[in-house]
Every structure is written in structure tokens, then in C-alpha cells.
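The chains carry the letters A, B, C, D, E and F, assigned in the order they are written, with residues numbered from 1 in each.
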């Protein structure tokens, strides 16, 4: 009963119309990771959306920010845990394992971040991300103040909100079209 | 007790570092709408994110798709209703009023889309968007099949998922940083 | 795709058996508002219930109370927002617009009252009404004390509870029989 | 640790200003039941509201309807179970025991109506009342049709909705002001 | 419409294969209570499970503990109230009535424990049990500290958790196989 | 930031009073697994409860049943996923990996079982377990019939209910006292 080998439940184009920049991105993924992440393959059904998704993602996760790359991946995993998103838990769980060098941390965040021995800064960040995910209509000044009290700047707060927001998008797209993560993630950084 | 006049609860840069393309976008907004939407002003706190948000948004809402522009706005409003997002309900409620020429339709979608006399195609689309928003982990093949039965193609299903996903992101960012919609929206297309 | 023109999803009596007092009430509505609110027309299916509903309503919303008429309408809108009741959001949203002279306030309360720049007194009142609506079994002395701390008397607390309770009734009746608000409300007091 | 002996958590007037009709109602309660139900004593804090509540209640529960008095009490108990309302479960649980002559039925409805061996008509009625209580925004034509299929007329459907609505009001008022049921109910009709 | 007379919705073995110790337990139940509790009869479908259930139960509810037997029954009832479990509310509601000598306390705990005039110790214990039942993933050190502040030892905290856990099991088994409580419980200790 | 090395948040006895049979069980665990599972160490705070837990567990998971051992572990993981229980997801996720020889299956069940390519029998079993966990009060004959339609016997249905029930207990105890799984689980059977 191995993982299904589809990229998503909708059929892909056999000849996706990738522009040179996206083709280069795919090549770079193969070179660096050994595979093209299925989320990119899925978005290639709609090539213009692929480009936007990829650029949005790269800046979010790799651009300059007061949040470390690990912290951004931690948010990704915790939001995906709240949304039970298989694709994102597998892909970003691996990223947490890799960036932290701590395989158990990836498991804790995927299963219940409250079990992890987090510093107050990170606990505050993840509490904010969880609440934004579950009951966004209740967010208010006290929630932002809790982040300031934990040492985050206003730009950091924006980035926390933006990152948690992004995975509330990608979790839902992945679940709605049944994206499968590449099987390679499972064995990495255990 | 008028609407607060902040753009969001976090302070904006007084001299946002807009590149020429974004500066042109802001000018175009003023020309066409009479104002720069506050979501763009808020993202100008992080100019690279602004560009990605704007490009992502434009393709999503204005690019080619089997979904009409009105249908995409209908999804925006219904997702925002499920998430009680003030910013997006005001801005996209106005868009539904304008594109449909039917002010009451905007109200019905913002308040409870089940009250609207929708065609089966649109009801199916909005049921899918609501479920994706509230319980994304339960999505499955029967949900996609219901869209196919209502006449949607696989690419349309991808676009429905992507659109509903996007507003689950922007609703949460807006709520988390308390974005206020520009007051101009309120009076338009009543 | 205009709003359906039914009063409710159940057929009305063609010759409702209104007693003289109720007939006078209907006439007075036409004179003052230009129409008979559909909730009254719906209740005319059961004329004795109509009388009780009307008397109950009039005392609640217009009788003497430590709550202003606007505050009572604010509670009506916030409860209806929690319950996604189209009928009541339209009818009482208009009342908030009219009584406050602030069209945006009506929108904020209908969409997410936490976005509104409320005084502490009114925020406390609406927090109480929201909690009563969503999780009535958790209400306790701390909730009542929060109202006292915000300046409400015990009789005011009773009136807040009674008003929030009433709209939890009318929201559900309206939703269960698909009452449509009179279309006239939409354009008023924008 | 007996039940608290307050009528509600708010102080009552020591000299409630009852009009002659309400004073007569209180006398009649004492004569027939041996006590004045605490909900009436609580409402005497606001005498005009008391009158409306009493008249509304009497027509609802005792007036002509296609629903038997027992069926109306069954709805009262099931709604109160969904809302965990102590006052109403005690008072209307007793009413079900009395009207049905079946003490266990009262317990089943108060605890979980799905455990009761109900006829399809009554199961349909209670499923409708439960759903109206928990997720009123989802009510639609299929819910009404299920009642018609179970033999209910349109006027009956109105009465089911109205009855379930009423207890969603009274449950919340009782919980918000901590009304205690008269202790006499507990021992009756066991 | 009396309570159904089945033990559970699954057929029992006509000749359950009880070992001598379990047969003796059944005899002892008849002697002491006048009947064999249906939960034991239901488990006799799987005799080895019956033995484990019975031993687990006896130690939990009757063994040495810093919690009184009444307190353990109070937890049983409150968890069962959160889970709307008919079987356990009937059986353990009777136990609370008997052990407390206070029939109203049994009703309050079954319907809404927040209505009961509890000492802080017991309120803290039941708040912990309710939260564990509804949102176990949110439990943390502040919840345990609240119990310590109310006077509980660490071993007591373990016992509270264990007791609340047990009824989350038995409630679900009872609901899943539709166990009916023995009718004798209803009349006892009123 | 490795996993905390406590067994649980409550202090253990330094000299737990294990009877010979339990001491032998601990020795056997060390021999077979290389460690004593922390859940057993935690229960050794209350040695009589330890014995009952261990016997209950062994029969449930290893005794005769129409459910395979893998199927019982699948239920354990899916219930624990619904309850976000870190301890049980780690320990039973490993068991699924081992018994199935399919590491990805363990991940899918821990994250969202609906992503797994299950046979109808197992999907029905897990749908039942999820529903029992989330809304036990709604279980009814149609849920049992769905299991029969998928080929389960009545005794199997009892075992499914009993197994799902058990993990609703152990998940809550583990979360309430913050049990940490032994770190050895993480690396096994990847």
C-alpha cells in the first residue's frame, strides 16, 4: 500500500507550457533536490500561476526577514498540522528536520507543537500562527502585542502573518486537488 | 464612530521603497479606482512581497480561466464570509456588486450564500469553496466529482481550489494585521 | 440574479386572518416604512404568534431600557453575524446605519464587529452577545462582571441577555423557513 | 451541596411591579403547580418583558398546532440538550415525563435524543431542531422536505422552527443570567 | 415509547463464555444491585475484554486514590455530558445521586456542571476534565498548575487524567454500539 | 532542541512498587524493544493501574480478533491524529511502519488518513473511528451498517469501537500529563 504515485488527482498536461525561467527552475530543483516538487508540477497545469506561486514562495521562505528560515518552516508545519495537510507536512516536516538538524522537532511540530520544548519566542510565534489558522476572525491587538512582548518587530509580525497565511492557502489547494508529496522527502534527514 | 483610518495596525514605512513597476501600479490604481487599495499599501512594508502579491492576485482574478471574473469574486466573498474577514468582504463585495450589476447578490454572498438563488453550477462552486475553507482535511474525490457534474473542467477545478485558497491566505493576513478597506468601496455600486 | 421575491419558503395564507390591531400594525408599517417587513408577513401564517412576536419585538427594541436603541440594534446585528442570518443582517444592518448615521458601522458589525473602533462599553456588550450565541453553556459570573466593569447595571445585563437571546431565536426561524428581507432595506441609509 | 436557591444571578426587585394580569398568572401558577416558575420571577425584573414572554410562551406551547404538546416539549428538551441549558432541561424534562407518562423518554431526550426509539416523524422533527440549533446557516430546502416526507404540513414546519427558535432564545437568557429551575421539578413524574 | 430493551445494538452471545471469576462478578452484581450492568453484558461478547474492562474499572472507581469515590463519579458524569453519552449519564448520574445524597447534584453535572455550586477544588477538577475531553491537544502545564493550586497532588492529577480518559473511552464504545443502561438506574436515589 | 527527556510532566516514583509480573513485563520490554515504553513507566506511579492498563492493552492489540494487528494499529494512529496526541502518534506510527513494511503509510495515517490509498474495508473502518472520536453522540445504525457493508462482522464492529475508544482514553491521559514517547521510536522502520 505505497503512497499513490499521482502528482495530484487532476490530470497534468503532458506537455506543460513552461517558459524558460520556469524550465530553468525545474532543472535547478532536479539538480539540487533530485526531483521537482510535486506542487510545482501540479501548478504547471496553469503555467502563469506556476510562476507566481514560485516567486511568491521563494521570497516568502528564502528572502530577507527577521524570521530565520527554520522559523518560517516551523510556521509552515504548524499551520499544516492544524489543517491536516499531508503534502505540506511531509515536505515542510523534512525542511524542519534539515534546517534544525533535529528530526524529533519536525515530528513534534507536525503532530502537536505544544509537546515541543520551545523558547518563548517560538512558542509565541506558533501560538499566533495556530490561532490565525483556526479562528482568524478573533485576531486582535493582544495577539500582536504578545509577539512584540516575545521580541518580534512589526515587520516580523507582518512576516509571521504572511507566512501563516500562505500555508493556509497552499494546504487548501493541496487538499482540494489531492497533491501527493514526492516520496523522496520521507527518508531525508531522519 | 467612522471606520478607523489606518491602513493596518502595523506602522507603514513613510518612504516605501517601491520599484518603478510597483510605483506604476499604484499610479494606475489611483487613475482607475481613485485610490490605492490598502492591501497594496500594507504590503509595501515589504516591497518584494508586494510585487509577488500583486502579480499573484492579477493573474488569479484577471487572467484567463474557465471561471468568469464574477465567479472568482463570488468565491472571494464566500470564503471571506466563512472567515469573517472585514477587509475582503468590503472590497470583494463591491466587486460582486459591480460585475454582476446586482447589489443584492453581493449582500447575499457576504452574509450567507445559501440565501442566494444561484444556478446549480455556482452553488456547487461555492459549496466546494466553503468546505475547503472550513474543513480542508475532508476534501476528496466526491467533492471534485460534484464540480465535474456541475460542468466544470479539471482546469476549472484547479482554479476554484486556487482561488478559494488565495482568499484563505489574504483573509488571514488581513485579520492578523487588522487591515482596513479603503472607505471608497462602501458607496460604490449600491 | 436578484433576490428571490418570496416572503419565505413556506406558502403564505392568501387571506391571513389578522385581527384589527395587527391589521393596524401592518398599515402603520406601510405608512412609516413603505412596506410590511417580511418577518411579520411570514408570522401571519399563524396570526396569534404574529401578535406575540410583534409585541415581544416592540418592547425589546423600542421600550425603556438602559441600552440605547442603537445598542440594541448593534446586538441584533452581531448575533446575526455569528449565525450568518441573511434576513436579520439586512434588516438590522439598515437599522444600525440609520440610527448611527454611520453606514460603515453597519458593515463592520455585520461582517466582524472586532474590526470596529468601539468604546469599551460597546465592545464588552458585543463580546458578551457573541459568546452567548456561540457557547451559551460557558456563560458565568466573570462574563456578567465584565459587563458591570464596563458600566452596565444589572437591569442592563438582563436586557443584553434578552436581546441577544431574541435574535438567536429570530435568526433561526428566519433561516429555517428561508425568510427573505424586503428589498427596500438594501438601498436605505447608505 | 444542594442547588443554589437564587432565582437568577441578578438581584430581583423586592417589590416587582406586576400588573393585575401578571399577578393573576403568578397566583394561577401557585395554584396549579405549587410555585411560580423561576423564569417568570426572573422576567419580573422587567415587567413588560414578563408579559410578552408569558404570552409568547403560552401560545407556543399550549395554543393550537399540528404538533402535540408533547412534541413541543420534546423540541424544547432537545434544543436545551444541544445548548446544555440546565434550567430548561430540568423544567421541560419534567414536562416530557408528565405528558408522555414515560420518565425514561425525558432522560433520553435530555441526554441524547438519538438513543430514543422514536417514530420517524419525531426523529425527523428532532433532527431538524438539532441542526437549526447547531448550524442554522446551513438550513435549506432539503431540511424542510425531510419534514414534509415525515408527514408534516407547512404550518407544522413553521411551528417546529418557531418552537426550536424559542428555546434557543430562552436557553441563552437562562444561561447568561444563571437562572435556577424551581427545585420542585426534580421529583415530579419520576 | 419506553427505552429499548436491548443491551446493545450488536447481538450478544446466547451462551457467553464467562470464566468463573467473571461469572462470580455477575452474580455479585445481581446480589448487590439486582442486575448485571449492561456494559458488562455487552463486553461478554468478548470475554477476555470483559475481564480487563472490569478490573480496569474497579481499580479506577473503587481503588485507593486521593480522589473520593464521589469525585470520580463526578468526573464520569461531566465527561459523559460533554460527549452526550446516554448510557454513562444514566449509570453514573445515579452513582452521583447515591454517593452525594443529593439528587440535584447528579442532574446539574449531567446537564451543565457550571450550574452547580461547587467548591473551587471540584470546579477545577471538572474544568480540567471538560477541557481534556473537548480539546485534549491544548492541555499544558497551566492546566496542571490550576489543579495543584486547588490542592491536588501529582498523584491526584494522574488519577483525574486517568478517570477522565477512561470515560472518553467508555462513552465512545457505548455510543458506537448503542448500549442501553439498565432501566433500574432511572428510579434509584431520586 | 531535542525532545524533552521526561517520561511525563508529573514526577515518577524513584522506587516504583512493581509486583513481580509487572517487573517481568518491564524486563521483557527491554529485551524485545530495548526500552520500557514511557506509558508504562508513567503508569508505574500507580502500580495497580499499570497492571490493568497493560493487560487491557495487550488483549486489545495482540489478542484474537477479526481485525489484524496492523488494522488495530491503524485505528490507533488515526484516532491519535484526530486528537493531535504526540505520544501515541510516535509510538503507534512506528508500529504501523513496522507491521505494514510501508513507512509512508504510517505518515499518511498520522497526518491525514484520507490521503492514503486504502481498500474500502480499511477506509470504512477508519471513517468510523474518526467519527467516533470527533462526534461520538452522532453514531447510529447507519454507521454500523457501513461497517457490515464493508465486510465486518458484529464482533469486528465491537473490536473497532473498543480499539478506537481505547485510544481516545490513552491520547487524553498522555496529553493531560505530557507523556513523551521514548526517543527510540523515531528512527525505527523508516
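The rule is short, and it goes like this: a residue touches a chain if its C-beta (ideal position, glycine included) is under 8 Å from a C-beta of that chain, and two chains touch if they have at least 3 such contacts.
Because the structure is a prediction, the values reported are computed rather than measured.
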Can you list every chain that touches chain C and also touches chain D? B, E
Shared touch partners for chain B + chain D come out as C, F
Rounded to a whole Å, what is the gap between the Cα centroids of chain B and chain E? 50
Where the centres are mean C-alpha positions, what is the separation of chain C from chain E, in Å? 43
Express in whole angstrom the distance between the two chain centres, defined as the mean CA positions of chain E and chain F. 22
Chain F residues counted as touching two or more neighbouring chains: 84-85, 112, 137, 139-140, 175, 178
Make each chain a node and each touching pair an edge, then name the shape: line, ring, star, complete, other. other
Please name which positions on chain D make contact with chain B in the complex. 137-140
Applying the document's contact rule, which stretches of chain B touch chain A when the two form their complex? 9-11, 42, 45-46, 48-49, 52-53, 55-56, 59-60, 63, 83-85, 128, 132-133, 136-137, 139-141, 143-144, 154-155, 157-162, 164-166, 168-173, 175-178
Touching residues of chain B toward chain C in the complex: what are they? 1-4, 81, 84-87, 89-90, 100, 102-105, 107-108, 110-112, 115-118, 175, 178, 180, 183, 186-187, 190
Contacts from chain F onto chain B in the complex sit at residues 112, 114
